[in-house]
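Each of the two complexes below includes subunit A, the first together with subunit B, the second together with subunit C.
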Partner chain A sequence: MSAVVEVRDLSLEFPTYRGPVHALSNVTLSVGAGEIVGLVGESGCGKSVTSMSVIRLLPPASNRITEGTIRLIGRDMLATGERELQDMRGKLVSMVFQEPMNALNPTIRIGRQITQVIHRHERVSRAEAEARAERLLAEMQVPDAKRVMKNYPFELSGGMRQRVLLAMAFSCNPKVLIADEPTTALDVTVQAQVLTLLREKAKERGTSVLFITHDLAVVAQLCDRVYVMYAGKIVEQGRTADVLRRPLHPYTQALLRSLPELGQPKQPLASIAGTVPDLIHPPGGCLFRPRCAFAHDRCVEVPPLLSGGGEEVQHAAACWLLADGHRDSADTGRSDLPSNEATTLPAKPAKQTLLTLEGIGMRFPVGANWRGRPRGYVHALNGVELEVQRGETLGIVGESGCGKSTLGQIVMGLLRPTDGRVLFDGTDLGNLPGSEMRRMRRRFQIVFQDPQASLNPRMTAWRVITEPLAVAGGRTTSWLKGKARELALQVGLRPDQLERYPHEFSGGQRQRIAIARALALEPELLVLDEPTSALDVSVQAQILNLLLRLQRELDLTYLFISHNVSVIRHVADRVAVMYLGQVVELGPTAEVLNHPGHPYTRALLASVPSLDQSAELAAPVRGVELPSAIRLPTGCFFRERCPFAAAGCDQPQPLRGAEADRHLVRCHRTGELPPA
Partner chain B sequence: MSFLNIIRRRLVLLIFVVFGVSVVTFVISHMIPGDPARMMAGERASDETVAQMREALGLDRPLHIQYLTYVGDLLQGDFGVSIRTQRPVMDDILRFFPATIELAVAALLFAIVLGIPLGVLSAVAKDRGIDHLTRTLSVTGISTPAFWLGLLLIYLFYGQLGILPGSGRLAGNMSPPPFVTGFYTVDSLIAGDWAALRSALAHLILPALTLGFIHLGVVTRQIRSAMLEVLQEDYIRTAKASGLSRARIVLDHGLRNALIPSVTMIGLAFGDLLYGAVLTETVFAWPGMGNYVVESIAALDFPAIMGFTVVASTAYVLLNLLVDLTYMFLDPQIREIG
Partner chain C sequence: MTVTDRPETLPSAEADTNGPAGATSFDWRYVWYQLRRSPLAIVGLVIIILVLATMIFAPVLAPYDPNAINLLNRLAAPSFEHWFGTDQVGRDLLSRVIYGARTSVTVGFAIVGISMGFGVVIGAFSGLAGGRIDTVIMRFMDVLLSFPSFVMAMALAAALGPDLINAMLAIAVVRIPFYVRLARGQALSLRERPYVKAAVTFGSSRLHIVRRHIMPNSLAPIIVQGTLDIGVAILTASALSFIGLGAQQPTAEWGAMVSNGRDFLLDQWWYPTFPGLAILITAVGFNLFGDGLRDIFDPRLRAK
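Now for the complex of A and B:
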């Protein structure tokens, strides 16, 4: 197989005031004709830099290539001039990026954005270009392609925009497609559709794909071969099945083990100690050495790529353990589990309701007529009934727009619901006078998704942490600092770092600060709104471990909001699945996720990519987009997309189950459905 | 929201704005110490004459009655008679206001036509020679006092080179074109009087440069920073990755999006120009609103002050409407949501 993309020994640095950042060191990779190759790693590992370098898209002044070659379809990309590079981009090689929401020009119609690319590279008439653009959109399963041609990007959902971008990328039949986290910003059901589409179209046209992602499960579903990157180096490569089933490099092994889907529910996950090395002053030798459980004398030398042996073709890792006389590389034992985390579950205390949501409805006005009256309402929540028991974790899972975050804000009293009541420990929060509410608020706190955005950048860490205490007044600075130290230790932060500002911490540490702050008032309930979604998996594992330990130690109750089914499966006792502002299924986590009763829950679960390659990635929903929350569907909200829709579904469905309070499903056909 | 909706909404708003402005100016101008009747009658007039004058002007009646009478007249297009010039205020406004607007429009055109390309150039060549030059120019523009620049230009082009006139709107021996819009340039064009058009344009150049120079700096900086921001956007990367040429990326994908935040600023700049014209008008003896207002204030000429304020605030509301409509034209999303 001849290589279409061939990167050899590529080293690249970004000059900074502190000295050059060694972003890539001796990266070698290749993509054969028609092959789909994954490039996987955590943030900052250099995977995007590699992909951008292949088509020379990095601003020339920002970086310096110190050695190596890049060949694309036989051409030496480092010796090609800018004009010629422009001719190649979009024609021979095209690229799809992560954020479909921003990747299209907001002021230009979809049709013109696609035809612009066609006109750039081919001499065709306007009508011809338009016809081709429309055909491409239809091929990417964009419904009503003719209308979409005239739409502006903001009129389309994220999934639709990514299809438009794929249509654009395929418009001139490129030999190579570089896809940089193209589905990371999408919901899982949409991700499943887009991934399937991408694989199908690439295989159909014989396009080679270099697929950049942080998600090992996506790699499992999509890629023929995979490269694993760490700190600007390829640490492992091989056929996807080999790498995922028998990882050779300790980093790959640790990464796989930190995935919640491979852990036992409620048990600590293996996490990787320490942080990624500073690439301005990288440690000599193996870059993973400082964090590696198997580091030994020889690791001070740079390890070469060594074959894993056996019949596995091309499976190799840059690790001295593979040199003769070392341990069996297939050993992926759990010997390095952190020992300070207790592994036994405490006995559940007697049932006691802490939080009750009664018929919560929330609508937001949209638009305005000339008198300023709203033209309609977004029905974000439509009659949510939930109870959270003291000491439990209630997981709330659903895709974007299902109302899960709105629900969290209502519980916190940040939003006042249009209908219904929130009862905390039996007290209706809606009727509390200000002073009582302030007292009550100490008892429930929230942790948000993005610790970078949610922490005040002008406050030092100890001030951030103790602000809730300082607000009450009457405390001296030294008392507050002492308290901050206590809280820091509790969440695994070093007390000597408390004088630093949020930007001086890593993402995981920042989330620890956010958690410490939430704990400062000794609350009983924590609302966790996607607390790990902005983090890399190895860091996510650390934070999940921390949350589980804190819950045991402090007897906390969690309302855990997440789009990530695996995370919910790992942490939640009970789970509520939300769709269009309703709870469609509710019950003990294992029961709901192993025996889903609602067709939407089934679709959601089937869309989650699995590390098991034999599991077929599927999105068993019909090709209609999420219905408008402005004009809600009648009857069952999922009816239009449900593969099992039948007579009777046009009636409103109540949440019901055989055993009251156990496993409730909002579907009247749940008993008649074929087994999942 | 549709174009029609926003226009309808703004016109309703306009009523409230004008009402509010007229009340505030009315009250304030009557609270200022000083007696317009005395001013009109002259220093040495007898108390009796002053009293008569006061009665004739209606100044002896209670304030709210005076206000209601004023608003009643206003609604019929009657702005009253100027105490100072003894002409109907409406006539004065029609004479002086177009001169100021003509000057402000010319200044703004200068700032925009030159400022946008300079800003784009500066952004594209960030941190290179042309960028440094442009930035120096815009800082100079922002920090140069208008009267100083005006005097310098007059000295150079009128005094030394003698190629441009240094004062007035038209050559002394010419009569203004028949009144249609009040803009001499437009009116002479309508009348087909080419000599008057040339003279009007020649007279406009120096004051417009003087008044527009500050805003040239502002527009250039604004466009530069908006462009730099837009060029960082993901969709620019998409365009690059599809092989589009640099010119296409900058002009088609970049500039249109960079204009959106700039429109507000340009709208505000126009408001500034209207008020900031006073100095320039003085330097160039431009018979505009600025001089008229200053003198009216000095003479406590209430009808004139009130008339000007009402017209200026109306103009300001209409200007903002224009800005919003431009917004909607540029940004499809605002067209949809409003």
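Now for the complex of A and C:
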């Protein structure tokens, strides 16, 4: 098999005011004809830089390639001039990016954007180009391609835009497609569809794909071979099955172990201590050494790629453990789950309701007519009924736009619901006077998704942590500092770093600061709004472990909002599945996720990519678009997309279950559906 | 096999340490790094430092008393004794230009300080309060903005009486709306930040949010605007003095000196020229530096 993409010994640095950042060091990889190759790693590991330098997309002034060669379809890319590069991009090699909104020009109609690419590279008539664009869109399963051709990007959903980008990428039948996290911004049900499409079309046309992602499960579903990157280096490579099933490098092993999919619910996950090294002053030798549990004398030398032995061709890792004499120790790494925090779940005390949501509805006005009245409403929440018991974790899972974050904000009193009541410990929050409300607020706190945005960049860590206490007033600085130290220890931060500013901390540490701040007032309920979604998996594992430990120690109640089914499965006692502002299914986590009753829950679960390659990705959702929340569908909200829709679905469905109070499903056909 | 000691920076297995030292907020090394790449900003900075030094060391630098009259040596051309020449009553122009820096630049700073102070507070509250309060404040600011600012300052200065302090106040009032708008825009975007929402959830007062969250985070663009404004303020104050509404005799002030010297432009060019140049160079200095600062704080505007 001849390699279409061949990167050899590529080293690249970015000059900065603090000194050069060694973004890539001696990266060697190849993609064969028709092959789908994954490049996987955590943020900052250099995977995007690698892919961008393959087609020379990095601005030349911003970086310096210190050594190495890049060959694309037999051409030396480092010696190719800009004009020639432009001729190649789009024709021989094309790219699909993460954020489909930013990759499309918002002021040009879809059809023209695709035909522009065709016209740039081929001499065809306008009619011909348009016909081809329409054919491409239809091929990418865009419904009503003729209409979409005339649409502007903002009129399309994220999944639709990504299909348009795929159509553009395939428009000139490129030899190579570089896809940089193309599904990361999409919901799982849409991701499943786009991934299936990408694989089918690439195989059909014999296009080689270099697929960049942080998600090992996506790699398992899509890629023939995979390269694992860490700190600008390839640390492991091999066939996907070999790498995922028998990882050789301690980093790959640790990364896999930190996935909540593979952990026991409620038990601590294995996490990787420390953070990615500073690439301005990288540690000598193996870059993973400072965090590696098996580091030994030899690791101060740079390890070469060593084969794992056996019949697994090409499976190799850059680790000295694979050198003779050390192989045994590499194997011991796999049973290295932490046992020190083994938990015995305390016997649950008698049920006591802490939070009650009664018929919560939330509408947001849209636009305004000439009299200043809204033209319509977005129905974000439509009659949500939930009860959270003291001491439990209620997981709320759903895709974007289902209203889960709005719900969190309503619980926090940041938004006032248009209908319904929020009762905290029996008190209606809706009609509390200001001073009472202020006192009540101390009892529930929130942790947001993006730890960078939720910390004031101009406050030192200890000020951030103790801000809730400072607001209450009457405390001296030294008392506050002492309190900050206490809280820092509780969340696993070093107290001597509290004089630093948020930007001096890593993402995981910032989330610890945010958690410490939420704990400062000793609340009973924590609303966790996607607390790990902005974090890498190894850091996510640390934060999940921390949250589980804090819950045990402080007897906290969690309302855990997430789009990530695996995370919810790991932390939640009960789970509520939301769709279009309604709870469609509610029950004990294991029961709901193992025996989903609602067709939507089934579709959601089937779309989650699995590490197990034999599990096929399925997307049993009819129609591709989520219905508009401005004009709600009648009857069952899921009716139009439901594969099991039948007579009777045009009536509103109540939440009900066989066993009262346990597993509730908003579907009247639950009993009749084939087993999931 | 011996396991090497892990670096001592690693504490408990759970905690991750040593986050990347990014340059997301205020990092003087980053500012200096950017400044070095923009030579014009450096020129501006040097001018500002020179002007400030002139102000501080005026008594040392000035060869003569700026108000000492020497009728025997009126309107002397530049020479070794009087580098910039003398005016119509024989005062040394170099000394007057040097002392004039004290008046003119102080006035510039004062104008910007006053308008910035009022503007930022009004704007931040207006943006945070929203609703009707916001509408009323902003429409009033629109009214202020709709007058040509120099004419407005002239009218105010004339009403208050010709005096440097009055001129200063008049210009400051006219410039308030610019800062109100800027600060309001910042407040509008900042109040949606999660850290402001978090502050609401633990019961912070509006005052606390403005003081702790809105103000510190909206300062960067406001400081840039202020730096750019100092040049304008000096020019406007000089212009008011030039038409007789600002500094009065015998105060050494650049605008007033240009005004007095204008009658002698044809025969004694040096009289209006040197104070005029002082105004020009100072204004240019602050503008160059302000432009540079804007590029540093907002990399998107940086020229390609």
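Before moving on, here are some points about what is shown:
Going forward, the second predicted complex is superposed on the first by the 661 of 676 C-alpha atoms of A that agree within 3 Å, B and C clash if a C-alpha of one lies under 4 Å from a C-alpha of the other, contacts with A are read in each partner's own complex, and residues count from 1 in each chain.
In this text, a residue touches a chain if its C-beta (ideal position, glycine included) is under 8 Å from a C-beta of that chain, and two chains touch if they have at least 3 such contacts.
Computed from a predicted model, the values in this text were never measured in an experiment.
By the touch criterion defined above, A:Leu554 lies against neither subunit B nor subunit C after alignment on the C-alpha atoms of chain A.
For subunit A, the partner touching the most residues, choosing from subunit B and subunit C, is C. Of the two partner chains, subunit C is the only one touched by A:Arg441; subunit B is not. In the superposition on chain A, A:Leu165 contacts subunit B only, with no contact to subunit C. Of the two partner chains, subunit B is the only one that A:Tyr152 touches; subunit C does not reach it.
Within the superposed three-chain model, A:Leu455 lies in touch with subunit C and out of touch with subunit B [touch as defined at top]. Contacts of A:Val539 after superposition: subunit C is touched, whereas subunit B is not reached. In the superposition on chain A, contact is made by A:Arg89 with subunit B only, not with subunit C.
Of the two partner chains, subunit B is the only one touched by A:Asn102; subunit C is not.
In the superposition on chain A, contact is made by A:Ala368 with subunit B only, not with subunit C. Applying the stated touch rule to the two superposed structures, the subunit B and subunit C interfaces on subunit A have no residue in common. Across the complex, subunit C meets subunit A through its residues 1-4, 6-7, 10-26, 29-30, 32-33, 193-195, 197-205, 208, 212-213, 216-217. On the side of subunit A, the complex with subunit B involves touching residues 55, 57, 86-91, 94-95, 97, 99, 102-108, 116-117, 120-121, 152, 154-155, 165, 168-169, 366-372. Interface residues of subunit B facing subunit A in the complex, by the touch rule stated above, are 1, 5-6, 8-9, 12, 233-235, 237-245, 248, 252-253, 256-257, 260, 330-333, 336-338.
Put simply, subunit A touches subunit C in their complex at residues 17-18, 44, 271, 273-276, 278, 289-291, 294-297, 299-300, 326, 329, 338, 409, 412-414, 437-439, 441-442, 444-446, 448-450, 452-459, 467-468, 471-472, 492-494, 497, 501, 503-510, 512, 514, 517-518, 520-521, 539, 542, 545-546.
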